[in-house]
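Common to both upcoming complexes is subunit A, partnered first by subunit B, then by subunit C.
Let's look at the complex of A and B:
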């Protein structure tokens, strides 16, 4: 059975084409059009890459913030369910999935068989999300990869004294003025995001194994910080951005 | 039939003004269910629940800090903008810190001249009842009876008549009939298949907080007959318990959201109506004692704030769920609500351990935005419960 999972996030649209539990092709596309058109374009590109046609798809499942905008999906599933379905087969055991994207972060406690047992998420707040990192990057005039790299080279941490993204901007500028090194400032930003993620994690319940996905999971510094502070093993997949779309493609029933 | 209830819920200001013009009687607003509204009713005064609105706040910021309960801020803003100008009096209780201070805020935001004697108001425009922190123990009943006695004296001066025991007994009979009807409605909601949705039941109940109880009782006769004959709504759906505060004609959209996501609220503890409705007043004792006893039976979160293990609150909630099963519970708690937030961890644990159901926590800032945000969480919760 050929199925497609479409994750319409705040920053990008991710598509995974799945057949017999094998990923045929995937896309991660940043679009500037409406969610429905963007999802259509992303799916078309994925189909081209897999050298197959739209008619062959038996089930399309959309997820993410804009899941309801996808007019051609057969099913819509929440990010919590899809994150669990995407992560569970990788570890094959009960775990907590931490999904931190551009617009939101959520922790999902997953039981045996991939069943969602509990979840928690952020509320109308950019801290702990990719948007927070993006704001920090704009202030420092660097990109996300460089921020992560510099944070990894830090000797200390220039703490960001607030979790509010709006106030964090001025807190970062203050740290620059106070003469902290750029590395320590970047480490402080990553530490701030990790702190917020830990709060969300603790609300859902932390299992021995934590599966970290979403755009923020690309940061090695944040992953290491979480690992150190949790004392748990953090599993980051090869393509952390695609976990939820993959889970959507698995939601065929 | 439901239309009349809906009218009183959605167009409450107009309906109350119409009622006043038609009857020539007075109307008092109250903020908390501890208010002995029977005393007002016995004096021919219509007691109505004061609620907020999602309108943009215009005047309250000058007086009330931003980190106060958004619901109370909203209703004070309405008062400041003259929306509650039609009220002849307002009754405030010390349900929580911010509610206690509404006695002052209301006077400042919505001043009204009242007749005075030697500088003191004959009957204050804003009446304050200091309800006890504890609802049981020595002297509690006597204390509250004394508070209600003083309240009754004020109302007698306002209405220019003595409120006799007979008048109170007649009122108690009307209110007991009302509790009977509401009890029937809530029993109906536990049935399977469902014939009445949570949102509809809330509308019926909320309208009773705005219209005269005798009028509501008359409407309930035909409404319940219609309900008996009605076809079931649905067999499926996730059965949920709703706990929370500041649920009114606006924030009750949470019921619709739950229903749109595939759930049904079977019972609730939301501080409006059902917190005490359903239990009748004792007709074998003096009417004033019956009213006091009835209010002391209210297991409102504010009475438990000093209790680190509010077991009585949980037992009260459990009693609402007897004879029915639920799949999950949703706590819909206003921001900065110390009463509900303080008891939440204990209740959450009890729901999980004793009732064996998952719990969803939703924070509300009494805005459309927080309802929209709640929708995605409710959707995920119901999806989780469906498996």
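Let's look at the complex of A and C:
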């Protein structure tokens, strides 16, 4: 059976094309157009890459913030369900899935067999999300990879707000003026995000293994900070951006 | 007796000088990166404006988030107490205050004696603060001083579902892209702020008379919408940004 999972996020649309549990092709597309048009474009691109056609797809499952705007999906599933479905088969055991994207973050406690036991989320506030990291990158005029690398080399931490991305942005600027090193400033940004993620994680319940996905999981410094503070093993997949779309493609029954 | 009230807020620093019970000088500057220096500069400017010398001051009370680091002898008192005092001196009948500043927002209840009896404050997040309006004005490319009036010219409105300024910014831009008029979008922005601050007022309980202070008191787009929700006419001091400093100067007479 050929299925497509479409994850319409705040920043990008992710598509995974799945057949007999094998990924045929995937897309991660940053889009400026409306969710429906963007999702269709991303799906078309994926189909082209897999050398197959739209009418061969038996199930299209949409998820993410914009899942309801995808007019051609057969099913809509929450990010929590899809993140759990995307992550569980990788570890094959009870775990907490932490999914942090541009528009929010969520922690899902997954029991044996992949059942969702509990979850907590933050989609009201940009603190602890990829949007905050984007703002920080714009202020410092560097990209996320650079920010992450510099943060990894820091000796100290130039702290910023963990409750508001707007206040944190002003604090980053004033940290620059106050002469903190760029490394310490970047470390402060990662620390702020990690602190907020820990709060969401602890609300959902933390298992011994944590599966970390979403765009924010691309930051090694945030991953290491979480690992250190939790004393848990954090697993980051090869394509952390695709976990939720993959999980959606698996929601076929 | 000459006293000074120094209110060092997150965005601006204000000073009021009292000669006995009469305000004789004031000043307002932007808060710089160095709060200690800001304290000194704003106080010197007020003294200069009044033709007074620092030595002639009998007492200084500092308030606001930078109140502890003033580089001169002073007593620090919370913004809540200073606002209650300042408002009480202007409007003795005031029982509820909404102070809307650059980076925080407080709802305060006070008694007939001008003492605060209850308060609630949001200083954790930019929602419902001056910063929220500033960010949205910026992304809509409208001068901050104009947004309130233009929001009142709207024919319709929009619903902003995001609490967070960062997400609201993306939301308003997508409304603009879809062709919604600037005025209607601004109406939605101001309603979002009014909803947010009215939530604070409800938690402390609203009793007449109701006063709005802080920089946003000058924004009629917010004031009118809060009035509508409260179903009351709001009182606004002639210089709403100076209320905390005025209260501080009054409290300096008692220390």
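FYI, the second predicted complex is superposed on the first by the 250 of 253 C-alpha atoms of A that agree within 3 Å, B and C clash if a C-alpha of one lies under 4 Å from a C-alpha of the other, contacts with A are read in each partner's own complex, and residues count from 1 in each chain.
We adopt the following convention: a contact is a pair of C-beta atoms (placed from the backbone, for glycine too) under 8 Å apart; a residue touches a chain by one contact, two chains touch by 3 or more.
The structure presented is a predicted model; accordingly, all values stated were derived computationally and were not measured.
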TODO: Using the overlay on subunit A, decide if subunit B and subunit C clash or can fit next to each other.
DONE: clash
TODO: Have a look at where A:28 lands relative to subunit B and subunit C in the superposition and call it first, second, both or neither.
DONE: neither
TODO: Considering only the touch criterion stated at the top, classify A:244 as touching first (subunit B), second (subunit C), both, or neither.
DONE: neither
TODO: Go through the superposed model and pick first if A:218 touches only subunit B, second if only subunit C, both, or neither.
DONE: neither
- [ ] Return first, second, both or neither, reflecting whether A:177 touches subunit B, subunit C, both chains, or no partner chain.
- [x] second
TODO: Would you sort A:166 into first (subunit B), second (subunit C), both or neither based on which partner it touches?
DONE: second
TODO: Identify the partner contact of A:96: answer first if only subunit B is touched, second if only subunit C is, both if each is, neither if none is.
DONE: neither
Task: Touching partner for A:124 - first (subunit B), second (subunit C), both, neither - done: both
TODO: With the two complexes superposed on chain A, say which partner A:62 touches: subunit B (first), subunit C (second), both, or neither.
DONE: neither
Task: Superposition-derived comparison: subunit B or subunit C, residues of subunit A touched - done: C
Open item on the list: With both complexes overlaid on chain A, does A:116 touch subunit B (first), subunit C (second), both or neither?
Closed with: first
Open item on the list: Of the candidate stretches 75-83, 129-137, 147-155 or 183-191, which in subunit B collides with subunit C after aligning the structures?
Closed with: 75-83
- [ ] Show which residues of subunit A both subunit B and subunit C reach, each in its own complex.
- [x] 124
Open item on the list: For a test of understanding, state which residues of subunit C touch subunit A in their complex under the given definition.
Closed with: 33, 103, 124-126, 131-132, 135, 162-167, 170
Task: Residue ranges of subunit A in contact with subunit B within the complex - done: 65, 77-81, 115-119, 121, 123-124
Open item on the list: So in the complex, the part of subunit B that touches subunit A is made up of which residues?
Closed with: 358, 363, 369-370, 373, 376-377, 379-381, 383-384, 387
Open item on the list: List the residues on subunit A that touch subunit C in their complex, please.
Closed with: 10, 103, 124-127, 131-132, 135, 161, 163-167, 170, 174, 177-178
